[in-house]
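Down below are the structures I want you to see.
There are two complexes below, and they share subunit A, which is joined by subunit B in the first and by subunit C in the second.
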Partner chain A sequence: MEIIKTAVAGTLESSDCMVTIEPAQKGLELDLESAVIRQYGKRIMEVALETLDRLDVQNARVSIVDKGALDCTIKARVECAAMRAAEHEGRISWGGVIR
Partner chain B sequence: MNNPNKYRLRRTMMFLNCQKPGLIKDPYIYKPDSIMLDLEDAVAEREKDAARFSLYHALQEIDYRGVERVVRINGLDTDLWREDVRCAVAGGCDSIRIPKTETADDVRTVEYAIAEAEREFRRPVGSVLIMAALESARGVINAMSICDSSERLFGIALSGGDYSRDLQISISGTGVEFMGARQHMIIAARAAKIQCFDTVWTNLDDMEGFRREVETIHSMGFDGKSIINPRQIPVVHDIYTPKEKDIIFAEKVIKEIDEKKARGIGVFTVDGKMIDIAFYDGAKRTIALAKASGVYEGDL
Partner chain C sequence: MINAVGRDIPEEILEITGKEPFQGNFYKDDKSTVMRGPTIRPVMNNQKSKLVANIREALIKCEAHDGMTVSFHHHFRDGDLIVNMVMKEIHDMGFRNITICATSLGKAHDPLVPMIEDGTITGIESSGVRGKIGEAISQGKLKGLAVMRSHGGRVRALATGEAHVDIAFIGAPTADDYGNLRGIGGKADCGVLSYAIVDGNHADHCVAITDCLVPYPNFPAHISQTKVDYVCVVDEIGVPSKIASGAAKPTTDQRKLLMAQYCTDVVVNTPWFKDGFSYQTGVGGASIASTQYLAEIMRERNIHMGFGVGGLTKAMCQLLDDGMARVMLDVQDFDLDAVHNLKNVNHHRIPAGVYANPLNKGAVVNKLDYVVLASLEVDVHFNCNVVVGSDGMITGAQGGHPDTAQGAKCAIVICPLLQGRIPAICTDVTTVTTPGESIDVVVTDYGVAVNPARQDILQALKEADCVPLKTIEELRDIAYSIVGEPEKVEFEDRIVGIIEARDGTIMDVVRQIKDIEQPTVYRRKTAKRKAGGTAASRSSRAK
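The block that comes next holds the complex of A and B.
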């Protein structure tokens, strides 16, 4: 999936996270801000990277501001931001790349 | 199609905005019978895509501990509802709520899309149930044909906000403006042997008014009420749980009718009240509701 513009998904409300994805030239750059970064930072990064990998996003700058999001919310926000940034329209591959 | 969930207990259906992760992550702690995961009115137009991703992963990953997961899709007059159905069915929802239902064809159109999605995502055809929200004068007038439209349809629900706008009236809080629709809908639902649900009560500062309204719809025969706040759950469940004297009376009625029928007696008295076979189904329903509410440990 090619990231062609900057897009945002999510909010800064409790239990949510805000994900920003921007186009980049070489590889993935991931930045995380979280009040629980010491406890869950590694896990949040893992979930985000796995999600980007499934979506085949190879070049992007990704910023996550976490407010206590569950794994399912992190996945949902990364996917939504990536789809918006790639200007994806039409049917979604539920159970395929979205899982 | 024989879906065992069609007639499950549904005293409370709590609306939750799929756009808000904080709302959909653990609503089961409040013990509603059903949750209504909303993709429609509560979700901002530009967040419809985000709400679907949240819904899909919540359905897949959160254990709602037996609470029924109903998804309200966007209206059939939008280009959103078909993808809503795919998302909800793929995620594993139990039921889909159709908003603004006006005709039996509306239900059949969604039913067809659900069946397609069940095949696409390898779920048994018939596993996803449907409920229809009636939100207009035309929808209420067509209640009977809507109720008869599909084997998957477990119930109809009045949606008071849109209905009152269509009738060009405001909601008074007394319920007088909904009397005709409520009576018509419950009769149609009972004729079709499906369930019927009442609209939300939005004034959270008036819990006495809420209790009076729940008592009214309970006495009219509604199976439950749509709710918007966990504080409303214990009020509804309290009113819908059979009281001890009702359970004792129902037990006596069932046992007496069984015994008298065997002896060829049709009419008799229980606790001074004249009883015949017409009381049997009602007594059975009281015991079933008491069992489902966890307050009956008898042998019936």
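The block that comes next holds the complex of A and C.
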């Protein structure tokens, strides 16, 4: 999935996270800031990277500001931000990469 | 050395502090214990005035010196102005290596952090610390050890001489010129001075600070002229709106209401719920709601509360006014309704020592049937943590938690299963503050767990079939299934604080928190990914 523009998904409410995805030239860069980084930092990175891999996002700068979101929320926010950033909103592959 | 709650207390800490590891709740029961009195300078000269012009004069007259210990009470809560006022003067006079022995410290005392950093303050003894001081201690900025004591434990430490206070500064809503102090009246009306009474009894010097000087004699005095060396009048000792506000609005949070309902069901279906029962609860939304549910059932069944105790709120005082409770015993007032309720002749002030000191000849907590408490974390051994956040940062206070939990026949902890993503029911609490042997029932929004040591309670609740019973392990498993098992928080080796058990043994230690790079950054080049595959790169992820 090619990231064309900057896009955001999510909020800074408790138990949510805000994901920003920007176009980048070479590779993937992921920043994480989290209220629960000491307990769940690794897990959040894992979930975010798995999701990006599944969407085949290869070149992007991704930043996540997490307020204690569950894995499902992080996944959904990353997917949504990526879809927006790739201008895929009208043609989301429900049942495909979006499960 | 491993103590009775399975925590490793390093030998060096036992050596430095001269304390023993925690050996169980009744280790010091019935053992001979020596109490210690203060060294005082009597006032025989009837020409002597106790009034001083300012805090500096009081400090000079009380022989302030490097390395001294000064004490404070927290009845003004977040509205307290005394601690900062006195410490600023001590700082300005250039004293070093000061230990603060406070009944509690909160966000109001954030301005002390620079004094910790510059070595003015090197020791802190408190029920706990919230706000920036907690962070500073966790980051290792305090030179000495922070000592966290319960309210009862603090009285014990001062009474036995384990903790020695050179100068006590007692904020008094009203005072006369000879040092009769009252907690009620004036501008900074906090109702009671219960936590400061031990300071009057055991500190070498005692300075009263007031913003409302009244004619002699200010009677009945809560702290007597016989304990007070000097009286200092200042403009303001507290911010009234932050001392006691109106009663908290009843919660509408369905999760809290559910837990309140479970809690009340536990109380009314256990054997001690009968006429004359005793009860203590807190200020949280669920606690207050459960008190209200309880009141309905008390009315229905015509059961009266023998006595209520604690930090009091409108909900508890209402029981007294309605004739549903016979007596309230008061160590602190959380709202203005509780302050005003002191007019009721059956609403009595008690000193913190009477309330909770474990090493006197029997404290009020020993007569409790029920106590309803909260907790940051509860583990599968029923140990509670109320001081250190799940992220390892000091963020709370013991208060009367360990005292009442040990004393009560049925100690109930209300705790939502999850606080955001953080599981409150976990395998091992970050730091033990109240031992599992004191905790009988844990109420969560996903069910109620009874300590297996309390088969009597478990049996009663099974027979009543009133709440969804779970084992504590089941509750933990539900929590972990939703949020995932948390990583263990990493600490440095350095010990920054100790959690003292009620009796002065060591319950646990608090270590310095590890710096963490925020934000955490992960980079991956496209080429590498194509060649290497995900498995290899995954292992090098997220430092």
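Rule of thumb we're sticking to: the second predicted complex is superposed on the first by the 97 of 99 C-alpha atoms of A that agree within 3 Å, B and C clash if a C-alpha of one lies under 4 Å from a C-alpha of the other, contacts with A are read in each partner's own complex, and residues count from 1 in each chain.
In this section, contacts are C-beta pairs under 8 Å (C-beta built on N, C-alpha and C of every residue); 3 or more make two chains touch, one makes a residue touch a chain.
As the structure is a prediction and not an experimental result, all values here were calculated from the model.
After alignment on the shared subunit A, the placement of subunit B and subunit C results in a side-by-side fit free of clashes.
Look at A:S14: by the touch rule set out above, it reaches both subunit B and subunit C. By the touch criterion stated above, A:A35 is placed in contact with subunit C alone, subunit B being left untouched. Applying the stated contact rule after C-alpha superposition, one finds that A:W94 touches subunit B and leaves subunit C untouched.
Applying the stated contact rule after C-alpha superposition, one finds that A:A69 touches each of subunit B and subunit C.
By the touch criterion stated above, A:T6 is placed in contact with neither subunit B nor subunit C. When subunit A is checked against subunit B and against subunit C, the one touching more of its residues turns out to be C. Touch criterion met: A:Q58 reaches subunit C, while subunit B stays clear of it.
Draw one line from the C-alpha centre of subunit A to that of subunit B and another to that of subunit C; the angle between them is 80°, to the nearest 10.
Put simply, the nearest alpha carbons of subunit B and subunit C end up 5 Å apart when the two models share chain A.
Residues 14-15, 69-71 of subunit A contact both subunit B in one complex and subunit C in the other. By the touch criterion stated above, subunit A contacts subunit B in their complex at residues 9-10, 13-16, 69-73, 75-77, 79-80, 83-84, 91-92, 94-95, 98-99.
For subunit A in complex with subunit C, the residues that touch the partner chain are 14-15, 26-43, 45-46, 49, 53, 58-59, 63, 67-71.
Looking at the complex, you find that subunit B touches subunit A at residues 20-22, 25, 49-50, 52-54, 56-58, 60-62, 83, 86-87, 90-91, 121. Within the complex, the subunit C residues that touch subunit A are 390-392, 420-422, 482-484, 486-487, 489-490, 516, 518-529, 534, 538, 541-542.
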